[in-house]
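What follows is one structure encoded as structure tokens, with my remarks underneath.
Order as written gives the chain letters A, B, C, D, E and F; numbering starts at 1 within each chain.
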Amino acid sequence: MSRPINLTTVQWTDMPLPELCGHAARWGYDGLTLACHPRHFDAGRARQDLDYVDEVAHLLRSHGLRVNALAAHMLGQAVCDPVDDRHRNILDDAVWGDGEPEGVRRRAAEAMAALPAAAARLGADTVVGFTGSPVWHMFMLFPPVSQDDIQSGYQEFADRWHPILDAFDDARVRFALEVHPTEIAYDYWTTARTLDALGHRPAFGLNLDPSHFLWQGLDPAVFAYDYRERLYHVDLKDAVLRTDGRAGRLGSHLPWADPRRGWDFVTVGHGDVDFEALIRTLNAIGYDGPLSVEWEDAGMDRLTAAPQALSRVRELAAISPADASFDASFGHR
Amino acid sequence: MSRPINLTTVQWTDMPLPELCGHAARWGYDGLTLACHPRHFDAGRARQDLDYVDEVAHLLRSHGLRVNALAAHMLGQAVCDPVDDRHRNILDDAVWGDGEPEGVRRRAAEAMAALPAAAARLGADTVVGFTGSPVWHMFMLFPPVSQDDIQSGYQEFADRWHPILDAFDDARVRFALEVHPTEIAYDYWTTARTLDALGHRPAFGLNLDPSHFLWQGLDPAVFAYDYRERLYHVDLKDAVLRTDGRAGRLGSHLPWADPRRGWDFVTVGHGDVDFEALIRTLNAIGYDGPLSVEWEDAGMDRLTAAPQALSRVRELAAISPADASFDASFGHR
Amino acid sequence: MSRPINLTTVQWTDMPLPELCGHAARWGYDGLTLACHPRHFDAGRARQDLDYVDEVAHLLRSHGLRVNALAAHMLGQAVCDPVDDRHRNILDDAVWGDGEPEGVRRRAAEAMAALPAAAARLGADTVVGFTGSPVWHMFMLFPPVSQDDIQSGYQEFADRWHPILDAFDDARVRFALEVHPTEIAYDYWTTARTLDALGHRPAFGLNLDPSHFLWQGLDPAVFAYDYRERLYHVDLKDAVLRTDGRAGRLGSHLPWADPRRGWDFVTVGHGDVDFEALIRTLNAIGYDGPLSVEWEDAGMDRLTAAPQALSRVRELAAISPADASFDASFGHR
Amino acid sequence: MSRPINLTTVQWTDMPLPELCGHAARWGYDGLTLACHPRHFDAGRARQDLDYVDEVAHLLRSHGLRVNALAAHMLGQAVCDPVDDRHRNILDDAVWGDGEPEGVRRRAAEAMAALPAAAARLGADTVVGFTGSPVWHMFMLFPPVSQDDIQSGYQEFADRWHPILDAFDDARVRFALEVHPTEIAYDYWTTARTLDALGHRPAFGLNLDPSHFLWQGLDPAVFAYDYRERLYHVDLKDAVLRTDGRAGRLGSHLPWADPRRGWDFVTVGHGDVDFEALIRTLNAIGYDGPLSVEWEDAGMDRLTAAPQALSRVRELAAISPADASFDASFGHR
Amino acid sequence: MSRPINLTTVQWTDMPLPELCGHAARWGYDGLTLACHPRHFDAGRARQDLDYVDEVAHLLRSHGLRVNALAAHMLGQAVCDPVDDRHRNILDDAVWGDGEPEGVRRRAAEAMAALPAAAARLGADTVVGFTGSPVWHMFMLFPPVSQDDIQSGYQEFADRWHPILDAFDDARVRFALEVHPTEIAYDYWTTARTLDALGHRPAFGLNLDPSHFLWQGLDPAVFAYDYRERLYHVDLKDAVLRTDGRAGRLGSHLPWADPRRGWDFVTVGHGDVDFEALIRTLNAIGYDGPLSVEWEDAGMDRLTAAPQALSRVRELAAISPADASFDASFGHR
Amino acid sequence: MSRPINLTTVQWTDMPLPELCGHAARWGYDGLTLACHPRHFDAGRARQDLDYVDEVAHLLRSHGLRVNALAAHMLGQAVCDPVDDRHRNILDDAVWGDGEPEGVRRRAAEAMAALPAAAARLGADTVVGFTGSPVWHMFMLFPPVSQDDIQSGYQEFADRWHPILDAFDDARVRFALEVHPTEIAYDYWTTARTLDALGHRPAFGLNLDPSHFLWQGLDPAVFAYDYRERLYHVDLKDAVLRTDGRAGRLGSHLPWADPRRGWDFVTVGHGDVDFEALIRTLNAIGYDGPLSVEWEDAGMDRLTAAPQALSRVRELAAISPADASFDASFGHR
């Protein structure tokens, strides 16, 4: 498999893109999953200024880095979320506007629909991101929620995203939702419901980040196998569980890296995710999209973590099927 | 230990109280943890009509049932929650009013402050319930949340509850928060933070329902031991885990009893909670409050489940320490 | 659910049917899954003698026992197995004939095709049984086996069974393969392949016996959910695992009840099968066929085991969904 | 199997024997494993007064209770232990004397040698007990201990016990060491070493109490199978593990029933011992000695625990092999 | 320990031996476990042509590679197997002949008996291989099989192998059966039965390949310890388990590397085998035979896997006991 | 964190200090946790000869090695232990004297009280060591022990150690007990009791060696977090568990490296301790004392193990928190 190994830039947007390109190239990454952020890829500007897009593309190429995918998590989050103050910090002024929720959602949808054309111009065939969710906050079913309420939420999601996905189809670019708590799909069965809600249209696929699966008790390899038709992007991030009877699966509102948390994100190779099972399954299903390293490890400096993760991912990438079966040579003929 | 074995009536409010008393008494329950609900114990009416309170007390006594505790989950939920449409169905018209969130919260607080006097009149020394939470919905820390935001939420909780607890102190009644997702305390460490936020005042204690602990990976016996000073009420409800790699810990928005859920509530004795460890710990710490059976098992009819649960709880209650140590008689003298 | 609780008679064929009916009725069984065996239900005679069928039906009815299903494991085994000496003891003389494998297979297929008409006359809508397998013995893939060889085996199976299933369709009776090592389907994925090989025709369904799943590491509740469309019969038999590092999953050719075996069959309630998860899933998918107790416990006398198992199954059968949801009464309106 | 179900009286020596016989008979026990204690069976007196022995035998018979075994734990403990103050309370004045360790050991050995004759007179063929150990206290190998030191301890044990075992041979009675921490054999491999040290002489066998095995991580069924030639007595007592990361396997010097302990003894059926695996193994190896219920559960009153344990053991005793194999009837002939 | 680290050539027979020697030497292997195959070591030719044997020996020596062992799995398989079409591809034309099973078995036995002399000439003291089995296919005990049938199979095995082992004794070479499903010994207890059947004659020993043990639930270190007297060869190959409730322990007839399989072979260091426990046990029992790396990993190219495995095995080989105990220096003297 | 990585010299006292310094410096250690032993740091001589202390300090400095801590396990062991022959080999002649237990204990206490001044002169702020224990040998509570006996033992410990700790306070040096079986604190709850017995005086802290925690079922990270105020030193040593049902947690008196033991010490990185969880917790609590590698691996030569362990510890040390949170850059502003 010649899958590119990317670095996701979402957690590096405080660093100017040229500097980050320098690091990534020196460490040996093949490409970037590039964040839609004023300092990395300014989606607003890209809409109006094709030269800007070409400059960014040129910058990456000049470092020998490919762009396979854009990351538009923040923007996507606002498309069908119950917007509140927390969203102000993740949105452009233009999208936030006066902050009236429905207006924010509408403007976010418009901005998202403009993205595939820019992505195509840049050379990326995939936009990775979030969708937001009208129903996430009801997952505990208390105060009481009816299944009709839930179903309405999935319908609202579909209604809001279909027009966006039309724009993706027009640009021959795919959207890949990162299956993640707080989103419309956060586990195996909500993914099924999400794909059903959209009629399984090919424009909408999945970004699998196994770190969100570990603490939910989900098997990323099973997920990859069962949803292989819609697996468009893979993030590699690890997570660790703590099971001492005091640490809880919901995290206790404690900050990252607090040892009382029931789970935490860590650098690839430092946690409990079975990456080898995942890679072997990706090999088996013929997945040939990016493996994108995501640094989210509050206990480890990113300048140490990013090259170390790459080194582990290169080991994983060396697990590649033999041409012939090992029992092919058992006989004589 | 002569702990009363109660039935919680919250899940039976469609059944008139006299009929429920008949069932409970016939099955052999010692008492009720009585729901604040128009058909069981109408808190609004109780505030103004002492005779009503006495009638309810008489009704229970006439069936040989004690009232140890009131259950005010719905009302408490509104005290510091971000109120939305889901709350309309769990609140009185008087409390809901025009549904403007801050007004709802204020009226809920007033109604809650009136409850301890009624409880005392009824003969109950504990009100079990929820608190709501300004921060629960932020537990995933995304969209990004700062620890200051969290801390403000705990402060808001304390500010809203201190005056209520003053009323509890006046009536010499205690409030016992059911530690539960969606509440200000939902696990071990948020309980610590909650008690800290209130300065550990004795008016505010805990209702331990181990079914919420199981799927969060928490050990109810450890919790009971460590928080023994504030353990005022114990609910007995079971839960079951499903760990097939597709079922997720967050429940997938699936209805109760759907076999795809990662966990579910079940009748005592049908799940994975280690009740024996819990009971032995309750014995060791000298807990002498109620053991209150809560029926929440969408896969089992309550008329079957409630007496069956009682039978299992009676077995558990028979586990009671010996007067003398078994090695007391090893020697001769 | 009003599912009948049956006793499977396959392991009781040394006992005359009237005596067995007496036991089963006295213990409280609802019906029998009746073995095709000269002493219980002589399939050969039934083909020619309708009065015989009616007499058997009458015998059962006279004990208040229903016949929901016939059990034709031995006959079915010969349909597409590589026949050898072991098969002589499980077949009629008429089917065995001279023992030449292909002739045996052909005669077994004919006898099997005659069975649905007899079953229908008896009042049973299902024939439970084995299929045999051209490929089972190759499961270790050594000496080397190609996937073409395997595929040919599944094709052979389909070719041999389609005509039989036509006869089932004619009689409006269904065949239910017991998923079981030594058969064409013995686990989750071979079941998928088997159903594919037959084009998922409704005449061919499944008998789920969880005791075969336990030691293979399979989850019976997941199986029941995923194959709910073709689940026609459920056997209740338990199994126990031994995991001491010396006992092996393949059984070491040791006899049943030898404590060195890595697993063993035991009476319902004595092993490691999670029957409650299975029953709750059967409730959820609306399975309304028989629950058939199968005694195969070399460590426990069947006259003790059969009534004891029934008592445990009655407990399981009491787990039946509530009419209303437990949170239906949380609100006031 | 017609194994007697006994009650061990060691933990009841504060209760006069006639009273205990009344209880045991009423609860349904078959016999007693009778403690050598002045109030139950005064070994010192028995040596000199045959009538006394006959009276005790008569007392038990009059309640329909058999005596299969004597329990001489306290006396045996002193035979090769480093005697200190703790031993004073478990020994007769005559054995303790001036407390000088070597003298105590010598007198304990003499008293032990006198026991088999009394046992035989009483009708018991087995004396269950402890041996003490010159090496137990060195198990952590710190302060540093050489294997020579350990070996010397096993030799000393053998030297002290061979003469005692000669007396057992003379009386045709067997000694059964309860494998137990603090004794010469406390686990699987020390049992092997102990039997080796004595040349595997038949007079010296084993009493298996699975409660000591659980927290050491030992498999009682494996032990029973491997040492089946020397298994002379089985105690049924349960134990429970606590694995919360704070509770330790060594018990923290905490009293029984303290919930902080890493393990505790509990009544049969209340803990984690797999009794069914043990019973099935006992059936398989043809063990026909007593199953002796031992009450050591600081969290449960013995008057509740003893009959409850019996009821569970009767269930276990009902697990008894079938005469014929369940597949005997699969064929026709 | 100065155990040679070999590469097993069975899976490389499509590659000419000189080329393979070049690879193995360059990667740093100490020697080869050389496959009996026309392209590696042509056993038929070796019987008649001593010069050929010397040439092969010289070839290996010229690359600095030792020959410790021959691998004769294919030939051995035919000695007491129920021969069918699958065997044609693993046998020489001379051995296969007309394919009549008994003739094939007889010719395979003759060829096997000729091997030890060739091995000795080559400088190898061990022939590793399979035995075939008259009973393997009956492991499920269905269609019903009696223990007499099983016992006859073991007797047949012994009868067929004793004369072969005589030839081994004559040549002072040992046979080491790879304990493996499809063979006469495939787990712990069948190994015991196999050794018993042969009277534990030293000519017949064992080749331990832990990858076959993992998915059977067997502990390779326990096996190595208990059978230390007959452990003549060790293969190092890893295996991985998948336990998602759908993947089965029997492999579902799925090809290697299919992610639906319940287990799979993988390169050393990529699976779940506890090699460190095995190596430490091999150190403790003084095993000084070869550690032979076997590449069977359908998900990893052998040219990548073979040097990577060697690197891991060198790490394991560095685990070698200290001369002095670490507590030797705790004291002063 | 700039924590020094030390080598503990206790297991190297047969090697002259200059030679050991050469090794340690060459391997890359930052410092030594220096054993109080005539060949490394002669505590007796140091008391009287300040030049000697300075020479030792100079020797280490000349190799670029820091001294952060002295190790006085042997001496400390005698302070409140029931002294017997095993202690002779771990004590100086001067301390042992005539071996009369109380005299030994008194002289050990005097020598210990003299140590902090020497440590301070050397530049070390911590003395790591053992305390001995009057109660350790009673941990099984048999022969019967009362809680009063235990409590007296803790009081005796406090009485003997308070004067020693006064000397530590005078020298502004801290004592760090290695929590360890055979000592006054050997697990979580005995540590609590020990600190209570001393009134939590700051002179007395803890040395955490996770290898002792593993087999006791204790979580070292939880321990580090809960006792963070008194964590003065951390040893890095690994341990491995064997759980085959025959190997016992108490070690069976078997020598180190015997594969029948239920657990064993091994080099860092070769066992089951979760060092990453420990390091991340040490980071979170701000522990900045030494990480001291302790070689106790009877299966691995120390000259191989010590540099290998260092390499693993350097990897662990690279896990150091980021300055900024990874979600700091999620927003735009």
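Assume contacts are C-beta pairs under 8 Å (C-beta built on N, C-alpha and C of every residue); 3 or more make two chains touch, one makes a residue touch a chain.
This structure is a prediction, so every number in the text was calculated from the model and none was measured.
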Separation of subunit E from subunit B in steps, with touching chains one step apart: 1
If a chain touches subunit A and subunit D alike, it appears here: B, C, E, F
Angle of the C-alpha superposing rotation, subunit D to subunit F, to the nearest 5 degrees: 180
Listed pair (A-D, B-E or A-E) duplicating the A-F contact set, over half by residue number: A-E
Of A-B and C-F, pair with higher C-beta contact tally: A-B
Centre-to-centre distance between subunit D and subunit B (centres being mean Cα positions), rounded to whole Å: 46
Rounded Å distance between subunit C and subunit E, as computed from the means of their C-alpha atoms: 39
Inter-chain centre distance, subunit D versus subunit E - centres from mean C-alpha coordinates, in Å: 46
Subunit E residues counted as touching two or more neighbouring chains: 89-90, 141-144, 219, 222, 244-246, 255-256, 260, 327, 330-331
In the complex with subunit B, residue positions of subunit D that touch it: 10-14, 37-38, 74, 89-92, 240, 242, 244, 246, 255-260, 265, 270, 295-302, 304, 308
Subunit F residues within the subunit A interface of the complex: 219, 221-222, 225, 276-277, 280-281, 283-285, 318-333
Subunit A - residues contacting subunit B, complex: 77, 86-87, 89-90, 135, 137-145, 147, 150, 181-182, 186-190, 193, 215-219, 222-223, 226, 243, 245-256, 260, 262
Sites on subunit B touched by subunit F in the complex: 141-144, 327, 330-331
Subunit D partner contacts - residues on subunit A that touch it in the complex: 244-245
